[in-house]
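Next, two complexes with subunit A in common: one pairs it with subunit B, the other with subunit C.
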Partner chain A sequence: MRNARALPWFVPLILVVGLLYVYPVLDVVRLSFTNAGLLHPGYQYTLRSYVDMLRTGDLGQTLWITIVFVFFSVVFQLLLGFFISLAIIAGEQLKLRGTVVVRTAVLAAWAMPGVMIGIIWRMLMDESPSGILNFLLSKVGIGHVAFLSSPSVALVSVIVANIWRGTAFSMIMQYAGLKTIPDELYEAAKVDGATSWRRLVHITVPMMAPLLMVNLILITISTFNTFDMIMALTGGGPGRATEVMALSIYDRIFHTYELGGGAAMAVVLLVINLLMAWVYMRMSRRTEGMTTS
Partner chain B sequence: MKRRSKAAVLGTVAVIGLTVLSGCGGGAGQNAAGQNAAGNATATAPAGNLVTPDLIGSPNAKTTITWEAVPAYSLKGSDPKRVQYLQDTFNKWAQQHPDWAVKPLVASATPNEAMAKLLQDAASGNAPDVAQIDSYIFPQMYKYLTPLDDYLAKAGIDINDFFPFAQKIMKGPDGHIYGVYFTTDVRMLFYRKDLVPNPPKTWDELLKMAPDLEKKGITPYLMAGGRGEASFMDILPMYWALGGKLVDDKGKPVFGEGENKQDWLTVLGDLQQAVKQGAMPARATNYKNESDLNTEAASGKVAMFLGGNFQWAQLQSILGDMSNWGVAPLIMPKADTRETVSGGWVWGVFTKDPAKVEEAVSFIANGWGSQEGMAGWCKVGGYLPTRQSVYQKDTYFSQPPFDQFAEELKYSNTRPGVAIYSDMSNNMQIAISSVISGSKTPEQALDDAYNATLQQYNSMKK
Partner chain C sequence: MRQRRIAATIGLYAVYVVLLVVFLFPLYWVFATSLKTIPELFHSPPVLWPKVPQGQNYNHVLVYTPVVTYLKNSAILVFFTVVGTLVVSIPAAFGFSRFRMRFSRQAMLGVLMCQMISPLVIVIPLYNYLNRVHLLNSYFAVILVYIAIQVPPTVWFLKGFLDTIPVSMEEAAWLDGCNRLQSLVRIILPVSVPAIASATVLIVIESWSQFIVPFILLNSDRLYPVSVGLINLQSTSDVISTHYLAAASILAVLPVVVIFVVLQKFIVSALTAGSVKG
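Entry: the complex of A and B
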């Protein structure tokens, strides 16, 4: 009864969410079952977009590049974020100066728009005589590196740029998590003679595990959706060496005007994201349960 | 108390929801075309400045037309000189047309996104009255546009004054004129006069002179070879020079079959050889458009590059002095051939109301279509005029390097305005980039691009 009285108050919000979020998603799903395109009138309902995606190997190749990109980005973002946050906590305990500066500097990378990060890394990895990284490498006797024009190196370059961009988010999440671990646990372990390595393995990591899992899922979702930075850095090239799924969707819709094909690829990405979101919600509930119990 | 706070929360939710909704409604209303609220008011004699970023003309004007342009061509552009030019010319028009007002709409800054949205709007009957359309998309719009023959004649715009490539775009398949091609550009070989006294005419000549330049630590030749429209567009003249065709008369892709395939293999093979023999570095794949090459050119370590006329002014602003640089026809796969390619923008009119069409054409002529308008806008924007008479009458355009650009425009062509072009271009960009980076042979790259394009073409037809 009370719920029934509250419902009318939520109608505007439901309308906004329905119109601006749910309807567009449903329309994308509908479009994925058509051959709609902006350059030809009308469309038919068909499974062709999905069939073509599987038959030509387009999905397989793009998915593989995306998985490599996501896997290495996520692993290194998580690890680097963890080590930087540990270092900051240690710095704070030792009352070292500059921990706030380090935190701010790392966060600045996260706050920057992806396109700008792409441009910055493009300038760094420039292969012309004015390229910064190649110049520095030449000073230590390392030859010219084709950062962006070699298909295999270009993928590594894109991953490195993305790790640089995303580490801050992991760092800040894990910094917050580390702050919640009671000092008493570490003090008791020290009394028992535990080395710093054992304290890390037996206290820090287990206490942080639920948060690390949530962190992992959030950055996985975000990395799967990355395209702006890659668009500015390599445009998906050379060839299709750095074409991840989100970039492929953008290309299909805004470059080749294929609504059906682009929507089909978007639905595949949506399914991956929904799976991740489902795992995230399960983990969040488990974390909440652990906190309240 | 508890109940009151709950009510307050619900109230807040409702207010936020309604605010968002009313915001959406307001936005839609603001973008709506047509008569303004004071449509019945009598227009008074205007005075002073009648141009604001949101309205050109008197707020009391009887009728309003909508005009959509990309940001750089709009009153909300970032270049003060362009905005000033537009304000001055619009003000002049508004003073002369007191009963009319123009509502400016700004399209996306990304041309592809702007064109995608415009195509969608046109198909659903929601296109603005006047819109700026990319020349290679323009033929896709014929079916939605209004023929302008009589209106252009009345405005004193003669289609025969336009370069032949521009006429081909302006005229629809039925022979009617559907737009005003008002700015263009042209691709040429930019070369350093001190390093290259005689610019190469063919790839063989380039390969012969490359080793000497390399020994001096100079990159012989560069072009945009990455995932961008420029890499396909700029290479098309070489393919056309061999007689290659992209599509047949029905618009079906044929570029991967028979002689056309051989022509592409020749062109892609030339690129492959240029990289293998050191005439062009593989880092060409890092460049998505011609202007990306400016830093390389400014570094003083590049002898030649395939560029657009617009880079002349860009390089001038970087280098100051351009006396050491020259422009020449593009390098061709065989001797005694000469081809180039042009892009540019066209104004199209979507409204069917004759009175609005007449005013729209007058608005276009005033700003960009007349000789004065075209010369003024091209000077301030760094574009090339599409009317040949502008080069004869305006001293700015009759001197070097504009006289060379004008000469080259006679050999220019535009990209085919067929529906499959975007797919074809995207697939060939991947092919070109793959060949230059060495990840695919010309044949593999071409076959992959052709098969993907055919598949997309068949999907369109079903």
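Entry: the complex of A and C
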């Protein structure tokens, strides 16, 4: 009865979620069990895509590249975000000028489209004699770096660009978190003679731990889904050295026209998404009051 | 004590300078590149600032590339996405906030679940379907997907805000004979303007950046938004036209950068709201 009265408010939401989430997700799972091609309509149900993905090692290779990419991106975004937010809060407490300018500069990288980030870093990582990053590195005695043409270096380059792009989100979340720690805690610790290092380890870090976990999960999910930035920076290359899951799915469907094979890889990504979402819900229940952003 | 304060100030400013260089130099480099001549592009060592800034590079880009079309397309997509997202999200957020229902929490978690799903996963079957019924290149379909991507975070954000508005404000209106819809429009919406503004700014920035959806569902240069247009320019341009690509990139992000700097206050509050117990 009560639910029926509330229903009209949810009609648009139910339509959007049903049509654009529930239906496509079920359909992608169905397609993953077929040998459908993009160009011809007929197909049969088969487990072939999953078997091939495992047998050829495609899944293993793509997962490995993706996990390396996600792990290093996320660790550095979290640490740098924490460090920068501490530096800005410390500046605000000392009433320094320029804290807003610094905050804005960091956040600007977040507001840019991912494609733009890829284009910017491709210009910076130009490997010709007029490339600026190689020129700057040569000034500090580092020889020529093949940023985007060497398979092993390219993955590092992509990670660096992604850290540059994503640090702002962690910074702003933690900046808001740091502001909620009551000053009295620090005052009391000061009275007890705690050094600033001990205050950081015994007050700031434990108080921030739940938020840091939520932050970690959110950026892990979004990094797993990265597509546009890598597309513009390396296109997944050289070879397949920087081909993360999303690029691999795209490549399977739109370059080799294996709709079923791409859908199978997409289901793996979907499972990862849902696992992370589940962890996130468990975490945010424990730290009630934290939701999403 | 005073000496420690001075040391801390110097240390912090050193950190700030490093941060500003790291985060602004890449943008500066693109801007400087957009004003170079062709010989300056290839000069070794690299040219930090062109001798005579070539403003006409921008003219060239405006006349000979479809960048203005891209900008217009992005504006259309973003506008309808904002309107559609709010039309779907406001009633739902209001419902979640005001009605005691069974499975309300589960439904909110379901919405959150949608937010975690990669847009690529939902675009694949939609592409397949639209392709079969010959509806690729349809802005209607693209805007629907844009809206679907923005709805989950917007519902969560607005619900969190509406929870902070006491029901007693509405009760007065009910006594005057208003129904729920009227009290939403007359009482709740006016006090929700700052929250709706924050949500709008986030929707604008994220939809402006949206890439994978138009990249897959559109395949005509006339229809591309800036993100897809830029990738297209990048793949068709060669080293000799890097300065044009840089100029096009600057034009493509100018609108979001302006919105971002002017409305930064709303962005910070939208990004941090709900993530922390206030």
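The criterion applied here is as follows: the second predicted complex is superposed on the first by the 283 of 293 C-alpha atoms of A that agree within 3 Å, B and C clash if a C-alpha of one lies under 4 Å from a C-alpha of the other, contacts with A are read in each partner's own complex, and residues count from 1 in each chain.
In the analysis below, a residue touches a chain if its C-beta (ideal position, glycine included) is under 8 Å from a C-beta of that chain, and two chains touch if they have at least 3 such contacts.
Keep in mind that this is a model prediction, so the values were computed, not measured.
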Three-chain arrangement built on subunit A, subunit B and subunit C clash or fit: clash
Partner touching more residues of subunit A, whether subunit B or subunit C: C
First (subunit B), second (subunit C), both or neither touched by A:A108: second
First, second, both or neither for A:V16, with subunit B first and subunit C second: both
First (subunit B), second (subunit C), both or neither touched by A:A6: both
Touching partner for A:A176 - first (subunit B), second (subunit C), both, neither: second
Touching partner for A:P129 - first (subunit B), second (subunit C), both, neither: both
Clash with subunit C, by subunit B stretch, listed 41-49, 113-121 or 167-175: 113-121
Set intersection of subunit A contacts, subunit C complex versus subunit B complex: 6, 9-10, 12-13, 16, 38, 41, 122, 128-130, 253-254
Contacting residues of subunit C [partner subunit A, same complex]: 5, 8-9, 12-13, 15-16, 19-20, 22-24, 26-27, 29-30, 33, 41-47, 87-89, 91-92, 94-95, 99-102, 107, 109-129, 131-132, 144-145, 147-148, 151, 153, 155-157, 160, 205, 208-209, 211-212, 215-216, 226-228, 230-231, 234, 239, 242, 245-246, 249, 252-253, 256-257, 260-261, 264, 267-268, 270-278
Complex contact set, residues of subunit A against subunit B: 6, 9-13, 15-16, 35, 37-41, 44, 46, 48-49, 52, 56, 58, 122, 126-130, 146, 148-151, 234-241, 251, 253-258, 260-261
Subunit A contact footprint on subunit B (complex, rising order): 10-11, 13-14, 16-18, 20-21, 110, 112-113, 116, 119-120, 123, 140, 219, 226-228, 281-286, 288, 295-296, 299, 301, 419-420, 422-423, 425-426, 429-430, 433-434, 436-437, 439-440, 445, 451-452, 455-456, 459-460, 462
Complex interface listing, subunit A residues touching subunit C: 2-3, 5-6, 8-10, 12-13, 16-17, 19-21, 23-25, 27-28, 31, 36, 38, 41, 84, 87, 90-91, 94, 96, 98-99, 101-109, 111-116, 119-124, 128-132, 135, 164, 169, 172-173, 175-177, 179-180, 211, 214-215, 221, 224-225, 227-228, 231-232, 246, 249-250, 253-254, 259, 262-263, 266, 269-270, 273-274, 276-277, 280-281, 288-293
